[in-house]
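Which chain is which? They are A, B and C, in the order written, and residues in each are numbered from 1.
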Amino acid sequence: MSRSIAVLVAGIAAVVMVLSKFIVPLESAETTVAEWFNAAAAIAFVLGGASLLKMNLLTISARGPGWGYAAVTLVAFLITLGVGLLKVGVPPSAAFPDHRMGGTPDAEGGALWWIYEYLMSPITGTLFAMLAFYVASAAFRAFRAKNAAAVFLLVTAFVVLLGRTYAGVFVTSWIPSDVPWVSWLRLENLSAVIMSVFTTAGTRAMIIGIAIGVAATGIKIMIGLDRSYLGAGSGGGNG
Amino acid sequence: MSQFQGTPGSPVDPAVARRANRLMIAVLAVVAALLVVRAWVGTEVGSGADAQVVHGYGMVFVEAKGAGHVQVPAAEWAKAVAADPAQQRVTVSGPRTVGVWAAALMTLAVLSFLWRDNPVYKLAESVVVGVSAGYVMSTAVWSSLVDQVFGKLAPGFTKAYLSPGLTTTEADWWALVPLGLGMLLLCRLSARLSWVGMFPLAFVVGVFSGWRFVQYVESDLLAQVATMFDPLYVTGPTAAATVGGTLCAVLVLVGVLSVLAYFFFSLEHKGPVGGAARVGIWYLMITFGASFGFTVMGRIALLAARCEFLFDDWLWLIDPAGKH
Amino acid sequence: MASHGGTPSAFARLDRIDRRWIFLAMFVAVAAPILWVGVTGKTFPEAPTPAVQGAFDAVESLPSGARVLVSMDFDPASAGELQPMATAIVRHCVLRGHSICAMTLWPAGGPIIDGTMQDVLGDRPDWTYGERWVNLGYRAGFEGVMKQMNSRVSLAYATDVRQTPLAEIPMLKGITGIADFDLLVSISAGYAGAKEWVQYSVSPTLTGAKPLKFVAGSTGVQTPQLIPYYPNQMAGILGAIKGAAEYEYLVNEAVLKADPAAVVPPRFQEAQRRMAPQLFGHVLMVALIVLGNVVFFGLRGRESRA
């Protein structure tokens, strides 16, 4: 019964959102729903934090392997949350200089800003930067020109890799740039052609296909055929 | 220290592990020695008569401005000290300098994973997980919940104690709806009540799918199909431009149709459809090759940014942006 | 794989190479050029591509005093790629005299707005907050925020980050919905970002009386996904750090053309400096792929001969 109500809620919400695009009186419903949606999205972040708290507390209390790291995570989370919610060290807003809570929580000089600038920012930046090393290792170990299609892919990759830097300009500098019939063969121009013609065509087709898929999924949600968002035991599946 | 050991892994030859540990300690010792030498060598900040030699690095200088401080280049400090050695207007900021060092050490901690997994990396990873969750949660609360939920339910209290710029003057009880949805969502934390969280989830999924239905069809289907009706004959200022433009337009049209043929599985890929699908594969290979090139470009840029931080902000080996 | 004589061949040794040597090669390929550029100050010349030129022309063609909405939809993880383009576009708007309304859809984007505006406006005391630029900050909701802004910006943002009601901000007088802005710029690292702006805010206006002009800056990963929207649904794209370098070059050239004696501050050449490590990193990638294939086919040849 509860699952049926949930499916009904999803279907009605979807239909109202679609109709609000075409029926003017429903536009206000759309903006109201957007407001509720945004608030729910903010609460979803709270849910994420609470879930982190719960999982780490469970690991610590069970003294599971690596529970020390869970304690570190918990301490870091609680300190950050505390200084953020209490706006520790935040300078007051210029519009309300006498109100302690007037400034933004991550304003420069505050404790949350310090955590963002000197802990969160460098660590997340470095975690993503590590991918450069792994892509190099993968390039050496995995990219094999085993068939014609793979050769096509690799040659294109070479053209783009070199053409997007000065290396491409240097390698094909001997091709005259003022003769349009051959200048497109210069690597920097060739990489632009690859992007504007072949990548555009391939990605455009994928976008069209995905749009059709999204529309089909939307219809399935509206009529209750797709209940996968309800989790296990939803029944009906994807129809 | 079993609380900092991960799940048991495959057994490692103790001799190999000892050799690896000795090598790691040797590398760390060399790095520490280099850092000490760097400090001893010093850096000249400022120019001309204002120049000062600073035996240290990774420092951040600030100037008092209004209620707080603003970061200034080290050259400003050199100029201020040259004018008045006892000045206190431009000083070294303790918290920010500690911050730069913490950032540098955390950067090295994360990079140490490239050698092998180790407790220092795991520590940095644990810190960032906690800090990120706390940051996002506090930002979401202040930027959205305080004004848009609490401010609408209790505008007087919110304006007086939390958000002085609140524009709402009268309570709007419709804000109970998102608050209720949020409370139901939070029930997912409980094993017994998690089924209640299905309703706000259904609401979100329904709203999302309705929005996406309209916008994907309008923007990604209709608008993209419309581009395929652009003229194939493209005129340019020169004959070469005309030929090139026309050829490109034809190639794009052929490419879109052939890739769509490849992804259309309701018809067997034989005959003309099969031929079109094979052409589509070539287009896709070129697309993925270009995507790979762009991905590599992106990753290397991120690594370059971190290296710049280490060499510029921390070690003061270079100063391309004139920060010190 | 041992050779006929029992000792591993060069191909076999290379095939088994510890990946940490590859990591070291990548680090040297990136770090050495950074040190070289840092010491010499030299950068490589840039030639703008049509998509970047389109973005530049979109900002350049606006009448001075136009109002530009800049959405900085990225976090520190992608700042290495996107911060230079955010700085370049904001600087271009400032040089053209356009008013800037900054916002972000990413929770960690708030300090990025502060940092960018401080970097560009640090030596511009004439750029008064509220009159020439405003910071709306972050709002949760992704597409929900866009939907609200399409009808009324004040639905999503009742106040700016300084708690000033939008109705009291001089720069935003006459702005009701997002289509009232003269240009929308999104510097985006993923979801929610440029693609969603095109879908939710730009495309609905294209068949109307006043199509919303849109320019995007994106990471290398996202750029191929946005290319199909150019030029019909967006005026230009800055793709990855190369796009940022080309845009910086265009802006700096415009500055020098207006005043040949002008000195471009080094902080506005960040992307151009980063093209040096890009070059060596890319060459290393090509070399690794070629070497890997040489090793693969060499081993396969030995196996078939054996």
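Of note:
Heads up, the rule we're going with is that a residue touches a chain if its C-beta (ideal position, glycine included) is under 8 Å from a C-beta of that chain, and two chains touch if they have at least 3 such contacts.
Just so we're clear, the structure is a prediction, and the values are computed from it rather than from any experiment.
Of all the chains shown, the one with its CA centroid nearest the global CA centroid is B. Of the two chain pairs examined here, A-B and B-C, it is A-B that is joined by more C-beta pairs in contact.
Per-chain Cα centroids separate subunit A from subunit C by 15 Å.
One finds 10 Å separating the Cα centroids of subunit A and subunit B. Per-chain CA centroids place subunit B at a distance of 12 Å from subunit C. Contact of a single residue of subunit C with at least two other chains is seen at positions 23, 26-27, 30, 77-80, 107-108, 110, 137, 139-141, 147, 162-164, 224, 228, 239-240, 242, 278, 281-282, 285. In subunit A, the residues that reach two or more other chains under the touch definition are 35, 37-39, 41-42, 45, 93, 95-96, 102, 104, 106, 108, 116-117, 120-122, 124-125, 127-129, 132-133, 135, 139, 154, 157, 161, 164, 195-196, 199-200, 203-204, 207.
Residue positions of subunit B touching 2 or more other chains, listed in rising order: 114, 132, 135-136, 139-140, 143-144, 163-165, 211, 216, 219-220, 224, 227, 287, 290-291, 294-297, 299-300, 302-303, 305-306. For subunit C in complex with subunit A, the residues that touch the partner chain are 17, 19, 22-23, 25-27, 30, 44-45, 47, 49-51, 75-80, 107-108, 110-111, 114, 129, 137, 139-142, 144-145, 147-148, 151-152, 155-156, 161-164, 224-225, 227-228, 239-240, 242, 275, 278-279, 281-286, 288-289, 291-293, 296.
Those residues of subunit C that touch subunit B in the complex are listed here as 20, 23, 26-27, 30-31, 34-35, 37-39, 41, 77-81, 83, 107-108, 110, 137-141, 143, 147, 158-159, 162-165, 198-200, 202-204, 206, 219-221, 223-224, 228, 232-233, 239-242, 265-267, 269-270, 273-274, 277-278, 281-282, 285. Of all residues in subunit A, only 27, 30-31, 34-35, 37-39, 41-42, 45, 93-96, 102, 104, 106-108, 113, 116-117, 120-122, 124-125, 127-129, 132-133, 135-137, 139-145, 154, 157-158, 161-162, 164-167, 169, 188, 192, 195-196, 199-200, 203-204, 207 touch subunit C in the complex they form. For subunit B in complex with subunit C, the touching residues are 114-115, 132, 135-136, 139-140, 143-144, 147, 163-168, 208, 211, 215-216, 218-220, 223-224, 226-227, 287, 290-291, 294-308, 311-312, 317-322.
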